[in-house]
Structures are given as structure tokens and as C-alpha cells.
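Which chain is which? They are A, B and C, in the order written, and residues in each are numbered from 1.
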Amino acid sequence: MPDNKSNDTTEYGDAGHAAERGFALALLLLGAAAFGMSLELWHSTPPPRASSAAALPLIVTALWTLAALLNLVGIFRSAWGGGSAHFIDALRFAIPPRLALTLLAVAAYCALLLLGVSFYLATPLFLFGTMCFLCRGDYVKNLIRTAVVTGFIVLVFRVLFGVVF
Amino acid sequence: MKILASAFCSCYNNIVYNVGKRGMRVKRVLAAAATVIFILSLAACGGNGASGAYPSRDINGIVQWGAGGGTDSLMRPLASLAEKSLGKSIVIKNMTGATGSIAAQYVSDAPADGYNLLMGAENPALYDVLDISALTYDDFDCVYLIGDETVGIAVGKDSPYTSFGELVAAASAAPGTLKISTTGVGGLPWEVGAFIKDVTGAEFLQVPYDSDASAKMAVLGGECDLTVCKVQSGLEDYRAGELRFLCMFSSAPVSAMPDVAPVTVEYPDFEKYLPWGPFYGVFVKKGTDAAVIDALSRAFSEAGQDAGYQDMLAGFNVNFLGLTGDDAANYIASWREGTVGALRNSGAIS
Amino acid sequence: MGMLSGLTAVLSEPVLIVLVALGTLAGVYVGAVPGLSGTMAVSLLVSFTLGWETRSALAVMIGVYVGAVFGGSRPAILLNVPGAPAAVATSLDGYELAKKGRAGEAMGAATVQSSIGTFFGVLALLLFAPPVSELARSFRSVDYLLLALIGLLAVGSLSGRSLTAGVIAGCAGIFLGCVGVDAQTAVRRFTFDVVYLNSGVDRVVAMIGLFGASEALFQLADAKAAPVRQKIDRVLPPLGDALRFLPLTLRSAVIGILVGALPGAGGDVAALLSYDHAKRTTAHPAVPFGEGALEGVIAPETANNAAIGGAFIPMLTLGIPGDAVTAVLLSAFTVKGLRPGPNLIRESPEFFGFIVVCLLLAAIFLPLFGLTGVRAFVKLTEIPREVLMPSILVLSAVGAYAIRNSLADVLWMFLFGVAGYFLKRFGYPVAPAVVGLILTRLCEENYRRGVMLAGSVPAMLASVFKSPVSVILLALLVFLLAAQARTRLRAKRKDMRHAAGQLDGDEH
């Protein structure tokens, strides 16, 4: 079971374990899907196959699926395997509300850019919006900070490096 | 001007921030308002408002291949020279990937207003037959064709073969045993391999590498038996005796390597495909206004004629052509016809 | 001797010294911005210095190169956002040190070690260019494959306690590295007919997302996190420290030089290999690796700067670039009328000498510029999270866009960011995914070429024994694999005994 130190500060609890199981399952499903795609590629390549474009993907996705399976089994087998929780609670563990809103902001930012909104408009909007939401108030300071960051980006990327937005 | 503006902005914001810390509310609001106005004005000037004669703003030069590569090295100096007659900057961007089709797609997606130039090599002429992209050079107008290069067949210094004929004979006796290092499907050695198969029937085992330099290294190190090398890539190794050129893919010897026989000496049938070689040019999307194309052609022609640039081309061993308009279009059309013909005859493509 | 005239050229024209200094300074700051790379900066300089005299142009470019390789370590340590793939290994322990308030120490070490690494690289260039270039030339596809496999073993090192988690991440990384048009056969793999996927997933985009954006998201999720106060009284590492780590420095430099000299691999691979090596060979680090071991910063920073000198070796002796920046420099040479290739050193020895001197100067200027900005940079991390993280998100987006002017890269970057966030949330290691992405090309291309050349997989394995270099590499691979397996088994047994309450005192 994954046990990297960066997670020491959070307590898992039932919701956390449920979320963890869900994530491990997701990893397995993704691995299996990738393996399926690689298999399809393998079958559509003419021999010799060992040196074809499908060889490495096949090996690697097989390893992925195997490791994900072992991982899932390990998680279920360990002491954390027990305890069920509501789907919503597990989701909330995985994506705390603050983060969920930030992700929405990111999605909105990407959508704006995709729709063709000028970078110079979308970026300050995103910055100002997220900062205000996260800081709860301090609108003036955030405006200034937005200006500084945008100014920095424009200076370095547009002026110096000529990146065209 | 923009640098000053941004620097001013940063200083101004620093002052504003400090003012803010001392808690003078009104001033803060005013400062914030001023900042917003500044950002909006930046957006306005950053935006592309085209009006007036061409060019009214900077032009993008999209290079198909990586920084430091053959195409890039020719385009950057040319662009800086052309900037002088155009009056606006040509900003070079390298957009690599998928044999240059990413760059081609980008220029094709952009409006046909002459502000996005495709700076490429010969590969786009074959995109459709290689199923790399639906685009070809038919979708672009050539503003300036710089020139082309001569290539030759090269082997390592320890190779037992002393002439192209011997190589062909050995390959014909045992097809697929001699290894040719290539730069992948659609690359230079692959194309020449097709020509060789069509005319002589010799077939080699193609081993792909990721660049000209790696393919050449493979032959130098002995991992492969032969490769197809541009004069520019192989000249120094030839002079040092590390690489031996068995023949040049041309009808006449090349001035930089006068001792290497042209391929037509042993196989006159190649004549129908020659002259042939990778070429480099500047293109715009088809449908661009004729006046714009004209302005670009004139600027680049002037740049190409520059003595310093000509010296550089000679240093790169590029055969200067300097074609524009119909001449360029005809060159590309006949290049494509010959190459596709050989590819079909040799079975490289169906 | 011709080479000495290179030295006198610099002394007689002090402007050149100033240019190297300026270049190094610029490079340090360029390298510190993720998305801006040394390669980009140097190619811009080629255009910018077209009218300049050759030596002036070279002086600036070399300065920028050296500065940029080091520069990537700053955000890596402070924000867990490597400025370039070469700094990925540095962020692993560097950021942990920063979390403990020892960022100043980490940055000081990174600066000094980068300088020392550059110096060793130059030494190798000066004294050992011919034999190293011979070695580089003799490297066959099988050898590159073995090297890539050794590099992939780093996935094991970076996995922490759970090997399966690391393998998942690593394999996912490799799989993503296979997306796109296959370079060798032009077959489209896993692109779902989306044009932008044709050129595949860019590893810098993945890195920015997996490290930068995901860290920003991870920190934002944790409402309680407060910025760590950094101690920056002691930035310059004491001489005793430098001497204590000298053996590790030397070994890392050798790894850096050799890997940098290989045309197929550069500073990023060198840094990963030397980090892995350091982890293996440091028996009792003051702090365990992965939690803030200083050795984990020293090794990669020495290696990636030593790789600069290494990359110049094939470039100057064979005319073949050792990495992306030397490729741009090669074209700059040609544009200026120099003819890179086997004859360059013989025909223009003064340029060889000049380059050596510029590299040495850059190595001297590096600590000067590297150490000055520390306080200011550290102040950056003490900005409240709510302001810093959105800024990092935006900077990541811009950096991802700047690579190929493609909005798709920005979207991919955010996708990686979200994926990286989830990995971190559940305690999976993120680094193996980037390792996988970095090594995919090296591994796959050489595997397939090896099989093509030999005819079949068994034949390729047999061909390993035809060359002493290959045999050594294979032996190394097997040894490292066995060593790693043994360490894991030991740890597992210790865990089981611990769980059963039988932990012995001498097991330590």
C-alpha cells in the first residue's frame, strides 16, 4: 500500500480509505484500458512484432495492470480494507471543497482560453477570482497582486521571449 | 517601448503596494483603478489589431524542425535579413513534431493574411502519400525557395565497399542484410532508398534513428553499413577520413567533394530523377493576397542575395536557387512527381 | 599551442568576461522559470547575435547554458517545480529540505555543487576528450538500452515504501511517452485521430503539470498549511561539508560527464542516474533520502552541470551534439563560419581553448550569481499560499504554452496537474511518472533498433556479449537490480518483525 511521507499530515478515516480503494480501482481500470488499446495495436501491426511500435506499450501496460492489481489487493488486505463510507464523503476526502472550486476556476480558465478569449483578459480574471475566493476579501490587494503577476508574465514571456498569445 | 512600459508598471505597483501598507484607503482604490486601466491597455496593445499596409505588425516564422537543425540554421539568418526590407520583425518559432506537420497545420489553421509563414523543408510535399497529414505544399504558396542540397551515399572508413556498384551487388546478392541507417519513414535516407530500389533493385535493411547526426554516428561507429548523407552533414567527416562517400546523388560532381563520382557514372538510369535533393523554402497559406506574397517574395529575395548569406549558404553546402512564384511552384511540383513516382515503383508506398 | 591563444583572447578582451557573466546571470533566471529552457534562450541568442563577432556570441551563449542548467534547481527546491527536466531529481530532496526550513542550505549546496560539476566537466573536456569520445562513438543501440534500463531502476528508488505504486506511475509515464506518431514507423499510436496528439505528450509539459500544478493544487487543498519560515543565515556550505561530500561529488561528476557525452542522453538522465547512485551508495545519510537528504541535492546538481562539459566532448570532437543546447550551438558555429566536425580541434584549436575558458569563467560566476538571489527567492516562498499558488498555476499554464505555442499543451498540463494531485493525495509517488516519460524514447528506440539489427530478441541479448562495454553495462544492471531486490526484502522482513514485536537492536 502506498505510504509516502507527504501524506503524513492527513488522517484517513473511513472516508479516506473508501476514497483510496476507489482510486486504486481507477488506476487498475485505466491500466486495463491502456492494455486493451495496446493489445489492439499489437494485433493490427504486421509481423515482425517484437520490434514494432506495439511492443513497448504492451509490455508496459501489462506491468501497469499487474502492479495495479497487486496494489488493489494489498489495499483490501491491509487493515484499511474494512470500513465503508458514503460516496460523497469519499469524494470530499479526495477533493476538498476549496480545491473543488479551484478546479472549477481552472476549468473556466481553460474554457475561456479555448473559446478564444484573449489571454490578457482571462489570466487576470482567473488570478483575481481565485485569490479573492481563497483570501476572502482583500480585493484591492489582490488587484495589485494580479497586476504584478500579469505584468511579470508579460514582461518575461511576451517581451523577452516573444511568445505570442 | 513595451519594456519601458512594463518596467514602469512594476515600479509603480511597488510604490502602490507600499502606499497600501500604510493604509491610505482612497489612494489604494485609485491605485487599483489605475492598475486595472493599465492591464486593459496592455491587453489592447497586446491584441492584434491589423490595419494599414502589410506588414502592420510582427510576422511569425514557424520553423518545422528543431532549433539548431538544418532548416532552422538557414531560416534564422534569412529572416533577420528580410526583416530589414519588411520593416517589421519576423519572430521565429520552432514547432516540431510529426515530421513537421504540426507546424504546417498551425500555419494552415491561421488566417491567410501573411502574418504566419511556414519555414520548411521538403517533407510536406509527401505528407499525403505517407498518410502523415491531409496537407501538402499544394495548400501553400511558396514565397521563396532558398535552395536544395546534394546528398551522397556514405560508408564508414572500415567498410569493405569501395564503390556504389559493389554495394548494390552485395545487397542484390543478399537482400536485407546490408543495414542503412535512416531518419525514419519519410526522411531523407528513406526517400533515397526508394530511388535506389527503383533503379537498381537493391534493397537494404532500414534501421531508423532519430536525427541526421545519429544516423551518421551509426555508420561512423559501425552499427550500420551505409547511410545517405547531405554534403553539409558529412563533409567534415569525409575530410577527416572517417566517412567515405561512395557516390553523389547527382549528375555532376560536387565542388566540395570533387573526388566523389556522381551516381550516373555507374547507373545512368538515375538521370531521370536528377537533380534531386532536400529543399528549403518559406511558404504562406494558399489564398493569401497576391500583393502580400509579392512583398514577402521581394523581401526574401533581397535577403537571399545578401553576400553574407550567400557565403553562409556556401558554408552549408546548399545549392542556392532563390526561386519565387511560378518557378518555385514548378520546382516543387516536379520534385514531388519524381519522388512519388520512385516511391510507388519501389513499393515503398502503394 | 593554439589552445592557449583562447585563454589570451579572453584576457586581452575583458568585454568577453563581462559577456560570460551576463550570460550566466541571464541563464540562471531563465532556467528558473518552468517552460523557459536553456535551449530556447540559446536559440533566441543565435538570432540575436547574428551580427556579433563569433567569440562574443559564444561567450554569452555558453554563459546562458551553464546558468540555465543550474537555474532549474531554484524553483525545484523552493516550490517543488523543477525549472527543467534536469532538476527533477533535485526537487525530490531539495523540496523536503525547504519544507524543513533548510532551503538556504539546499540552495547553497546546489549552487556550489553546480559550479564544481561544471568545473569537472570542463576538466574532462580538456584532458579526456579523445577517450570519452571514443567511448561515446562505440555505444551501440543495445548499450543505450541497457543504460535506459539502469535509469528505469531509479523508479524503484523513487517509489518509497511501495514498489507497486512506483511501478504504476512509471509504467503510466512510459505509456504516455508512447502516445503520438511513432518516429520509426510513422504509425499513430493512441491518438484517437486528434491532430495535436500526433506529436505526443511533451515531457516538459508533463513535468510542469506533475510537479508544479499538482503541488499548487495539493497545497491549496490543505487549508491549514502555513508557509515555512526559512533559515537563510547559512547559505554558503562550510568547507568541511564540501570536503566530506567530495567522493560523492566526484562520482556524480563522472556519471554526469559520461552520460552527457553520449549523444542520446543529457543532463536530465545524468541527474536521475546520479541521484539513484547516491541513494544506493550513501550508507547512513544524516536524513533519509526522500525526506531531505543533502546528498540528494548534491549528486544531481553536480551531475547535470558536469554533463555540460560532457556534451561538449562529442560536439567538438565529432561534430555530433551531446544534447539539445549543443545542437543549437553547433548550428551557431556553422552560421559563424566555423566547421564543426572531427577537424575542428585540429584546424581551429583556439576555439576549443576559448570554449574551455568560457566554461571555466561561467563556473566561477555561477556561485556569485547563484548565491546572491537566494534571499529574494526565499522571500517568494513566504508569500501566503492563497496568492502564490494561483500564480504558480498561471505560470505553469504560460510555461506549458511557451514550449510550442499550443493551447493543447496547457490543457495537458492541467490534466497532469490534476492526476498528480490525486497521486499525492493518496500517497503515490509522482517522480517515477516523469522518469518514465524522460526515458521512454531512449528505452524504446534503442530496444527496437537493437532487435531490428540483431534480427530477434534472443539474438539481441546474445549480441550484448560481443562488446566489453555492453557486458559491463549488463553486469551493472543485474547488480543494481539484485541490490535493490535485497534492500526491499530486508526492509520487508524488518517490517514483518517489527509488526510481530521482535525488532532487534542490531538490525540497524
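Here is the rule we go by: a contact is a pair of C-beta atoms (placed from the backbone, for glycine too) under 8 Å apart; a residue touches a chain by one contact, two chains touch by 3 or more.
The structure displayed is predicted, hence computed values, not measured ones.
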Chain at maximum distance from subunit B, centres defined as averaged CA atoms: A
Most centrally placed chain - per-chain CA mean versus overall CA mean: C
Whole-Å separation of chain centres (CA-atom averages), subunit A against subunit C: 24
Rounded Å distance, subunit B centre to subunit C centre (Cα mean): 29
Euclidean distance of C-alpha centroids - subunit A vs subunit B, Å: 37
Touching two or more other chains - residue numbers and ranges from subunit B: 93
Sequence positions of subunit A contacting 2 or more other chains: 162, 164-165
Junction residues of subunit C - those touching two or more other chains: 40, 184-185, 405, 449, 452
Of all residues in subunit C, those that touch subunit A in their complex: 33, 36, 40-41, 44, 160-162, 164-165, 167-168, 171-172, 174-175, 178, 182, 184-185, 187, 189-190, 217, 220-223, 290-291, 384-387, 389-391, 393-395, 397-398, 401-402, 405, 407, 410-411, 414, 418, 421-422, 424-429, 440, 443-444, 447-449, 451-452, 456-457
Of all residues in subunit C, those that touch subunit B in their complex: 39-40, 42-43, 46-47, 50, 137-141, 180-181, 183-186, 195-196, 198-200, 263-264, 318-321, 324, 327-332, 334-335, 337, 339-344, 404-406, 441, 445, 449, 452-453
Subunit B - residues contacting subunit C, complex: 66-69, 72-73, 76-77, 79-80, 92-99, 101-102, 105-106, 130-132, 179, 184-186, 205, 207-210, 213-214, 216-217, 220-221, 223-224, 232, 235-237, 239-240, 242, 311-312, 315-316
Residues of subunit A defined as touching subunit C within the complex: 1-7, 9-10, 19-20, 23-24, 27, 30-31, 34, 37-38, 41, 45, 48, 50-57, 60-61, 63-64, 67-68, 70-71, 74, 94-96, 98-99, 102-103, 106, 109-110, 113-114, 123, 126-127, 130-131, 134-135, 142, 145, 149, 153, 156-157, 161-165
